[in-house]
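All chains are identified by letter, namely A, B and C, in their written order; residue positions are counted from 1 within each chain.
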Amino acid sequence: MSLATDSRRSPSTASSPLRRGRIPAGFVVLAALGVALVALPLLGLVLRTPWSRIGEILASETALTALRLSLIVATTSAAISFVLGFPLAWVLVRGTFPGKTLVRAVVILPLVMPPVVAGVGLLAAFGRRSGLVGSWLYDWFGIQLTFTTAAAVLAATFVSFPLAVLALEAGLRGLDERLEDAAATLGASRWYVLRRVTVPLMGPQIAAALVLSWARALGEFGATITFAGNLQGRTQTLPLAVFEQLQTDTDAAFAVSMLLIFLAFAVILGLRGRFLR
Amino acid sequence: MRKNLILATSAVLLLAACSDSNDDETTGTTGAGGGSGGAEAELTVSAASSLTEAFGKIGNAFEAANPDTTVTFNFGPSDGLAGQIDEGAPVDVFASASPTWMDSVQDDGPGVTDRADFAQNRLAIIAPADNPAGIENLDDLTEDGVQLVIAAEGVPAGDYAREIFKNAGISMAALANVVSNEEDVKAVIAKVMSGEADAGIGYVTDVTPDVSDHVTLIPIPDEVNIIATYPIAVVNGSQEADLAQGFVEYVLGDGQQTLAEYGFLPPP
Amino acid sequence: MTLAVDVTSRRGAFEVRAAFEAEAGRTVALLGPNGSGKSTLVSTIAGLVPPVEGAITLDEAVLDDPANDVHVQPERRPIGVVFQDLLLFPHLSAMDNAAFPLRARGVTKPEARQRASELLARLGLANRADARPRELSGGEAQRVALARALIVEPALLLLDEPLSALDVAARMRVRELVRDELARFPGVRIIVTHDPVEASILAERLVLLEDGRVTQIGTPEEIRSAPRSRYAADLVGVNAVRGFLEPIGEGTGRLISSEGALVTPWPEWYVEGDVVGIVRPIDVTLGPDRPEGSARNVLFGRVTSVAIEGDRARVRLATAPPLVAEVTLGSVERLGLRSGVEVWASFKAVEVELLPP
């Protein structure tokens, strides 16, 4: 702590462009394969979308309702993930308590869980008949969570929460805590430090957390259909609408899929300039 | 050490995730493999979900009668199955819960041969074992607050349910109580069995021995009920046309007893 | 106004024990080598690391008293700290950095910015108010950090290694500025440094810190004339040996330290306890053979380093105790003095000056 360090300010280094001959042989090929893996299905979708009909399909009540519902569910879910995830990330990064590793593993688990399993788990916790908490809610207050928009939000939050926590953890870890110490000595209360130092310095990571969890929530299917059900206007989010359309009108399925992709793209690109590096 | 444990657990779960069935269409059961040696023939049969138990037994019997044959089933909602066939899925036999989707394969798809109706089915109201909402007839489904689950439009069970409501003159009120449109009739049964739904419309055959302890079956009066006709056919382009025809004939012949055991009605 | 510090503070496995007072109007410098505990002490005074024992008071206000569960949070202490790494907020401009303490206390934005820009102007940064910290030169950043600490007119100003990160040219300029600001600051002033020159120029009193302990407190002159530890002596450039005395008769004594013994005159005032023996390097004679003569201190050892300074050389010896001798360049040549060579060193008993600790 008492080592004299060179605190001279050097201009922030922009990422150096890859110099010729510095990329290991074969990496370019592998990298191209990786891009192809992701790009080809997208390309397939673009080519099969019935562009002449797309306006009519997307203006349909099914599509618009699903869109509105998806936006509400995904945004609410991302907000909940942030409000609960930030304090959790804080505790995980800066706190010490027994069983911390276990807690962290549990929180990350939904990320690797099959979504349908997640749905079954949500039923086991919040179902009105056999749910741990759900049955109590139903028997005592008459509150039923299944088949509601709240259930769709719950399902979406469950699967996207780990993403928010991971991104926020990374952000907190990358902070120089001494800046917060300095702020304290300058008279800032803990809340003021959080508002004016910690969060601003974490801007990019907070944006990443929000974007990632929002996008994941937007695309959630398995847990939603298992736990929340499928009803237009209440629980039929865009992925559920796509699935239903796939059975009967594949053109419509492609069109709505394109909509989903545009949404995700728009958010990712829109924030790229300002926040994401 | 701990890190490795977490990685290992994640890897196991990831592998489990790879076998996740988001789409309900591949809940098929593979028949026991045929005897060793000889050219093994594989038959792929797409059948409506309501046929799961009956066809499972029929498949085993067919394999026993035809050594070196393996029957692989693809159970799902008839509309989805038809869609798959139209998109080129390599299916040999298609058994649908309604003529509509067989027509679709015939007219918009690769076409069929040896089409025949092989069974009929009735629909019923299905409620959880303890029937918390006290459903006794169709009219009870219109009560305020009843959580009703039916199959989606396009799925035969869903179309039939809607027709029944129309026949009984309770469409508006009943549909207002629908809280979820499931992708196939088995999902409807599942939601009812778990107690999350107060009632659902399914086939009488869906109350199998395994299920009967968990549900209550409330019959629908014949005047308003739908008798569903199930057609079966060989899909054109099948690589095992002869074997497929044999399966169709089996279903129409020896298979009828099995179907009757599971509650299906004979074809018209 | 007086800051009274008497604490034991721990950071990890490292423990610092320090007791000293700082009055308004006389700058105190905490001077010590790296690793001596200066930063831990700064953190404790700032309130970031509560002491495990002792107390810190500012006049009547008790800032720390662990025995009675008293610990005033850093944000409530009337202090202004300039940290070793400056720790300017990278996401704020110079002006907003300087205004931060005011805004944190609820001062309105316009007023805070007004006062900040006035202070920055006084420090010569009027045209850099909107620059981000990464755009500032070392000296400019230093001044912004200073402004940030001064703006609330705290009762205590704490500067941790204020000049160490600057290059030589900037250092001289900023040192002048720091001296001016310190002079006009009415409260308690403490600077922390490892550079004795800096300490002597900027402070009126020095508190020497070594290995977590205070070894001497005094004005630069007092320390120069009577260094009481190896470090202090090194600073001043003399040999210092600390130990207890044993009489060996005839007005002489033996100074016994953990590293070796010297023969010294016997002081009248000695009763018991530690003393410090000072030997000036110029009084240490080096030779190739065991010297004959009356010198009572004769030691043999290896040369560990030879440092040429002008027309003299300072030779470090791994004798018991270790010594520094000052010889002519001619002697270096004649004796073939270089690292690894073994020589005899000698000096008289009277050439050891004894000081009470």
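Just so we're on the same page, a contact is a pair of C-beta atoms (placed from the backbone, for glycine too) under 8 Å apart; a residue touches a chain by one contact, two chains touch by 3 or more.
Computed from a predicted structure; not experimentally measured.
Colleague: Specify the chain most distant from chain B by Cα centroid.
Modeller: The chain lying farthest from chain B is C.
Colleague: Suppose every chain is reduced to the average of its Cα atoms; which one is closest to the average of all protein Cα atoms?
Modeller: A
Colleague: Mind checking the centre-to-centre distance between chain B and chain C? Centres are C-alpha means, answer in whole Å.
Modeller: Each chain reduced to its C-alpha mean, chain B and chain C end up 86 Å apart.
Colleague: Take the average of all CA coordinates in chain A, do the same for chain C, and state the distance between these two points in whole angstrom.
Modeller: 53
Colleague: In whole angstrom, how far does the Cα centroid of chain A sit from the Cα centroid of chain B?
Modeller: 35
Colleague: So in the complex, which bits of chain A are touching chain C?
Modeller: 1-12, 176, 178-179, 181-190, 192, 196-197, 200-201, 203
Colleague: Which residues of chain C touch chain A once you look at their complex with the stated criterion?
Modeller: Against chain A, chain C makes touches at 11, 34-40, 43, 46-48, 73-75, 77, 79-81, 83-87, 89-91, 100-101, 103-105, 133-138, 141, 148-149, 152, 161, 164-167, 194.
Colleague: What part of chain B is in contact with chain A in the complex they form?
Modeller: Its residues touching chain A are 2, 6, 9-10, 13-14, 16-17, 20-23, 77, 79-80, 83, 87, 128, 147, 149, 152-155, 178-183, 191, 194-197.
Colleague: If you look only at chain A, which of its residues touch chain B in the complex?
Modeller: Chain A reaches chain B through residues 101, 105, 108-109, 112-117, 123, 127-130, 144, 146-147, 221-222, 225, 228-232, 234-236, 243-244, 246-248, 250.
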